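Consider the two complexes below, in which subunit A is the common component and subunit B and subunit C are the respective partners.
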Partner chain A sequence: MSRISAHTGAAARLAEPSPVGVLADRYFRYLIVWPAILVLLLIGLFPLVYSAIVSFQKINRRVEDTSFHGLLNYGRLVGDDRFWESLLHTGIFTAIALPLELVLGFLLAKLMLDRLPGRQVFIALLLLPAVISPIVAGAMWRLMFDNIFGPINQVLGWIAGGPVNILWTINDNPVVVYSAILVCEIWQWTPFMFLILLAALANVDRSQLEAAELDGASYWQTLSKVILPAIKPVVIVALTIRGLDLVRLFDIVWALTRGGPGTMTETVSVYAYIRGFERFDVSFTAALAFVVIVLLSLIVMAMLKRLEIAR
Partner chain B sequence: MSPPWKARPWWRERGAGRIWARLAAALVVTLLFLFPVYWLFATAFKTPEEVFASPPVWYPSDINFETFWVLVRDGDVDAVWNSLVTAGVSTVIAMFLGTIAAYSLARFRTGGDNLAIWIISQRMIPPIAIVFPVFLLFAIIGWVDTYIGLIALYTAFNLPYVIWMMRGYIEDVPLELEESALVDGLTRWQTLLKVVFPMVRTGLFATTVFTFIFAWNEFIFALVLTRTDVLTFPVQVTHFFGQQQTFWAKIGAMSILGTLPVFFTVAMAQRFLVRGISMGAIKG
Partner chain C sequence: MALGRITTPLVALAAIGWAGTGDALAQSAADRAVEAAQQYAGTTLTITWEAGLQSLDPLNFSGPKWEELTGIEVKVVEMPITELFTKTLAEHRAGTGAYDLLNVVPAWMPDLVYAGVLEPLDAYVDRYGYRDELQDIAPTYRDNQMTFDGQIYGLPDDGDVFLLYYRTDLFGDADNQAEFKDRHGYDLAPPDTWAQFADISEFFTERMGEGGYGSALIHSPGLIHYLFEERFRLAGGQFFDADSMDATINGDIGVDVLSDMVAQLDNMPPGAAAWGPIEVLNSWLAGDLAMMIWWPPPGRWSAGYGTDTEALSWLPESTVAGKVGYASTPGARPQLAAGFALSVAANSDNKEAAYLFAQWMNSKEISLQRVMLPFALRDPFRTSHFESEEYRALWPAAGEYLDALKVGSETGLLDLSIIDTFSYEESLTRAITTSLAGGDVRSALDQSAEEWNEITDEIGVDDQRDAYAIWASKPNAYPN
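What follows is the complex of A and B.
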């Protein structure tokens, strides 16, 4: 019933003859694709071109100088510590959240794969975090972590046997603030990993598992030699989707800390927002946006070609 | 396997202990995941004294709809309506434009793999990089804080996803039906609307659900492009974080309005949706 298509080669697809005969129609095939392309140029081409133009000018809250200023803004970007720090913060969030979501999602999928009464109900309930707006998720955890009204400090107080007063989201200890944001992020997206891995695990060829069992393979051998290779293509796709989401992390950070305290949790997206919409550094932000668009487009296209999920 | 008339309930089978252990573990994990949601939603029903009690109260003494009435009275629920309009209209447009484009990509290989990859790569660009130039453009043409501005942007942002998913669904449909429809004298548009669309209806449904949710939950575009007239519900939620005070009960109530309809739709239709979540990596 189900099959994994992630590794069907692009080359094999191209080799297929395109359906000719009655279906072929030079006029119709372009007629139906052009409206979508035109709309896509609004987000695909326009921002790129416009950012490029504005990034060579000098527009900010005080000056509106549209003459050519060369690489002025790019120079400022390279020399801007806060930009590099925001890149570092984004990298830290991604590096910690991505493996944890994968491992927790995998364990959860293993738990629900075997015989479990009421499995459909559990799966439906675990979907809830994934369909909640990230802003709501952020607000939710801000309340959970609230030092006065939140239950987390209360529960920690029960364990510690005395009142605990941790200022989770406004603490100047990065470990505490990052933990709060990461808990929210992992809470929201582990179910996503879980759902994908559950479907992938259910698709693993049963006869191979039985053969491994007959051959007397240990649990770890079966896992590493049969199960993991079988789900690898799906895992790579899931990691790519989540990785690209984490690189543009904005909503939950905005709801939990607004990048604070100070600039401690500022991601690239949060920093770009603050420069563009709170400080009106138009040309600087345009340079930042241009660099981000070009870099990510190249990374994404290279990745998609390599993964061959393009089919 | 015992025959069905001898089937025993699972708790009397061999190995029932393991099943009990799994059930217990699944219950604990699910409760842990749902507890924050319970906490926020319960806040909506608490009295003001209970909301601001310290140490916090774990459940409201009474189911109290006061907060919802305040949202209605102050007009804050308009945000839910705005979300419905922008997400709904943009989803319909994106689904139509995206599906016909996907048909061209799937059946005629229009643009080859490069066009397909370019299209999906547009989806991966950070919204903040897109919204900045778009805001400057919309400011010039007067589209800031209008339905049409937000709908245009959501349509464009969701199109790559729709094209990508629908291309996969259409490729799975055999060609013969379309060919015989054309031979029978249907026009191309009739073939598309009367033959192809019904054949991919589960795919259309799943993709529509996800496209709607993306637009419904979206925050950055709405934050930048709305002021007062077309505030969407996630932006409205952030307005309850005040300088002096945070209105937790309103945040809870607004979150309930913005979350439960979406959750019930997805929970009902979950078996159609895995492919949509994995962007087609798993076919179902």
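What follows is the complex of A and C.
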């Protein structure tokens, strides 16, 4: 009897875990992910917080004053025409390059969706530019645009029937110098759009396409009512990634024009580099970076909201 | 470590006493440095150096030789010239003591001194009996690279100066001479003025036919401001009003000089508005130019000196060897245009050893070997270099080359060197590149002057006035 009761008591103890056991069980999962979260915070959040702190200090080439200076650097930033110009230049590059890359990427993806002979080779070749480092791509295109050694003017000369001497990366005509940068940018990053859209198009439900065909839908109706809605989430993700890249546009501009002539092609990243790494204006650059981060975050949030991921 | 801390100063003191003896001073400065440095055998010196050809000197020559003589290892940290300043300052601010010996561009010296990055060297110079040998360094390099506010912060170590290169075959051609005199009424010779430079450029652009041009100059950002600064001062321009510290680069002199620079593009190769040193050099070596302005190295390379070394295998073969003349830039007040000084980092743990390495490299004996290295970029900077029979025998026209450099070393205009010089130069560069690309010269300079005033206000007018006064009081800051 006593043995039975002892067993029952033990079973009851087993059935009712101790409060410590309950707590351990409840928080163990958090405990095991804690180190990973800490590492992520250190890597991701610490630099951000540190930049924010520095942006309220006064650290530059001459002074290392870590006391609180309020909105000094933000005030300077707001009153800095060169910052707003660089933001405008970045916006122009983004507004032109992003839709062009999307459209060209989509057209190439549509073309490669069909089983063309040598399709795999074409796809591999099309992806090559995206593999190259942007600074190398910029240097290569600088040579291409060179008016003595570069083939661009030579080819244009053949078409025009006479010598063409366009100073692509030097001219003070924005149409010329912006075109040079945009050609390089679009050449390098259209393949990225192409690859993403190729994958998205390949996954469009075949039955819906067949149903549209049976219903007598035109090509444009199929495209606008079936294909585009189906690939819309992927398009938004691709646009977000490329849009963020374009806001950070640096290497190609640096290699081609260094932001010149004057500041004509200076993007916000180029300006940040000059202020931070050449002029050593650390706190001002931190404020600039922080404002750009906030702007980018707002764009990303808007895109995610559109994608209905944020909910 | 603790023992080391105690013994090192004692050994240094012993060295001081020893160095002060007459026997020791009978030795060369290089030998004194080696003997004093041997007590630091086993330590490692970390030095900053511009990446590329510049750093081949400590990597392949002076570093290994120093280690062999003293047992001190030399670790060379190479970086692009644009990062030398920021990395040096960042390491100092972080207090890492990462660098012992620094390569300092003289224009940055005030910033580095104010930030406490550089160790004053006067005591070391006296301790190791180096003051006399410093007098052998050409005066402009001493003024440009050595001192700030009367104290020594660097040992001038590079004879950078702009030099005019011209084609002796074209200038000496009888038909060219007659035609030129007919047209312009004076003899065809290396130009004494920028107006003559323009005449000669135009003349040869016509005479040389397709693919040939009168001249090409270095116009790339980061370097173009040097030419403007030279011509602006030569024309009588002053950078600032010395009392108010208002920028005065946008007056008529500045506008005329920059307009002239833009006009001269007509007689340069298409695209030369953005040419950097390499494009100009390539065009010169290919024989496409009648004149160019560059630093001293092409004087050696044009003659083929050192071009068979692996480090210079990238250079196109010279088609102008034996046809190169050397002269001062128009106006005979060439800009020094950078250069390097060797400085000791104030928070180094190896200051004494770092200084001794600098003294050894910089000494008459070793520096001559270094400026004759075919692959490196250090240029002659001592009177004894210019007079060296050994150097003069390196190629047939080496004597003329050294004579032209010597003139530059005496008359060269100092680079602007005030607080935050880089910001002023960066602003000026944008004004120049905008103008060269076809923008309005006056408005570009007006904007730059406005930016200069903002930079000055931000620094503090009084502080900058003091720094400017120190610089402007040096003999070759302005032509007169």
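One rule holds in what follows: the second predicted complex is superposed on the first by the 252 of 311 C-alpha atoms of A that agree within 3 Å, B and C clash if a C-alpha of one lies under 4 Å from a C-alpha of the other, contacts with A are read in each partner's own complex, and residues count from 1 in each chain.
Keep this in mind: contacts are C-beta pairs under 8 Å (C-beta built on N, C-alpha and C of every residue); 3 or more make two chains touch, one makes a residue touch a chain.
Treat the numbers as computed from the prediction; the structure is a model and nothing was measured.
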Determine, under the contact definition given at the top, whether A:Ile241 touches first (subunit B), second (subunit C), both, or neither. first
Looking at the overlay, what does A:Leu214 touch: subunit B (first), subunit C (second), both, or neither? neither
Does the superposition put A:Ala289 against subunit B (first), subunit C (second), both, or neither? first
Contacts for A:Ile159 in the overlay, against subunit B (first) and subunit C (second): which applies, first, second, both or neither? neither
Answer with first, second, both or neither: which of subunit B and subunit C does A:Gly260 touch in the superposed model? second
For A:Ile148, select first, second, both or neither according to whether it touches subunit B, subunit C, the two together, or no partner. both
Answer with first, second, both or neither: which of subunit B and subunit C does A:Met301 touch in the superposed model? first
So in the superposed three-chain picture, is A:Leu167 touching just subunit B, just subunit C, both, or none of them (first/second/both/neither)? second
So in the superposed three-chain picture, is A:Val175 touching just subunit B, just subunit C, both, or none of them (first/second/both/neither)? neither
Between subunit C and subunit B, which one touches more residues of subunit A when both complexes sit on the common chain A? B
Let me check the overlay on chain A: which residues of subunit A are in contact with subunit B and also with subunit C? 148, 277
Per the touch rule above, subunit A residues touching subunit C in the complex are 59, 61-62, 64, 146-148, 165, 167, 169-173, 258, 260-264, 274, 277-280
Along subunit A, where are the residues that touch subunit B in the complex? 1-6, 10, 13-14, 18-19, 21-25, 28-30, 32-33, 35-37, 39-40, 42-44, 46-47, 50-51, 54, 108, 111-112, 114-118, 120, 122-136, 139-141, 143-144, 148-151, 154, 157, 187, 191-192, 195-196, 199-200, 203, 233-234, 237-238, 241, 244, 247-248, 250-251, 254-255, 268-269, 272-273, 276-277, 282, 285-286, 288-290, 292-293, 296-297, 300-301, 304-305, 309-311
In the complex, go through subunit B and note every residue touching subunit A. 10, 19, 22-23, 25-26, 29-30, 33-34, 36-37, 39-40, 43, 51-56, 58, 97-98, 100-101, 103-105, 107-113, 116-122, 124-130, 132-137, 152-153, 155-157, 159-160, 163, 168, 171, 175, 178-179, 182-183, 188, 192, 213, 216-217, 219-220, 224, 233-235, 237-238, 241, 248, 251, 255, 258-259, 262-263, 266-267, 270, 274, 277-284
List the residues on subunit C that touch subunit A in their complex, please. 82-83, 85-86, 89-90, 93, 111, 114-115, 221, 269-271, 273-274, 419-420, 422-423, 426, 430-431, 433-434, 436-439, 444, 459
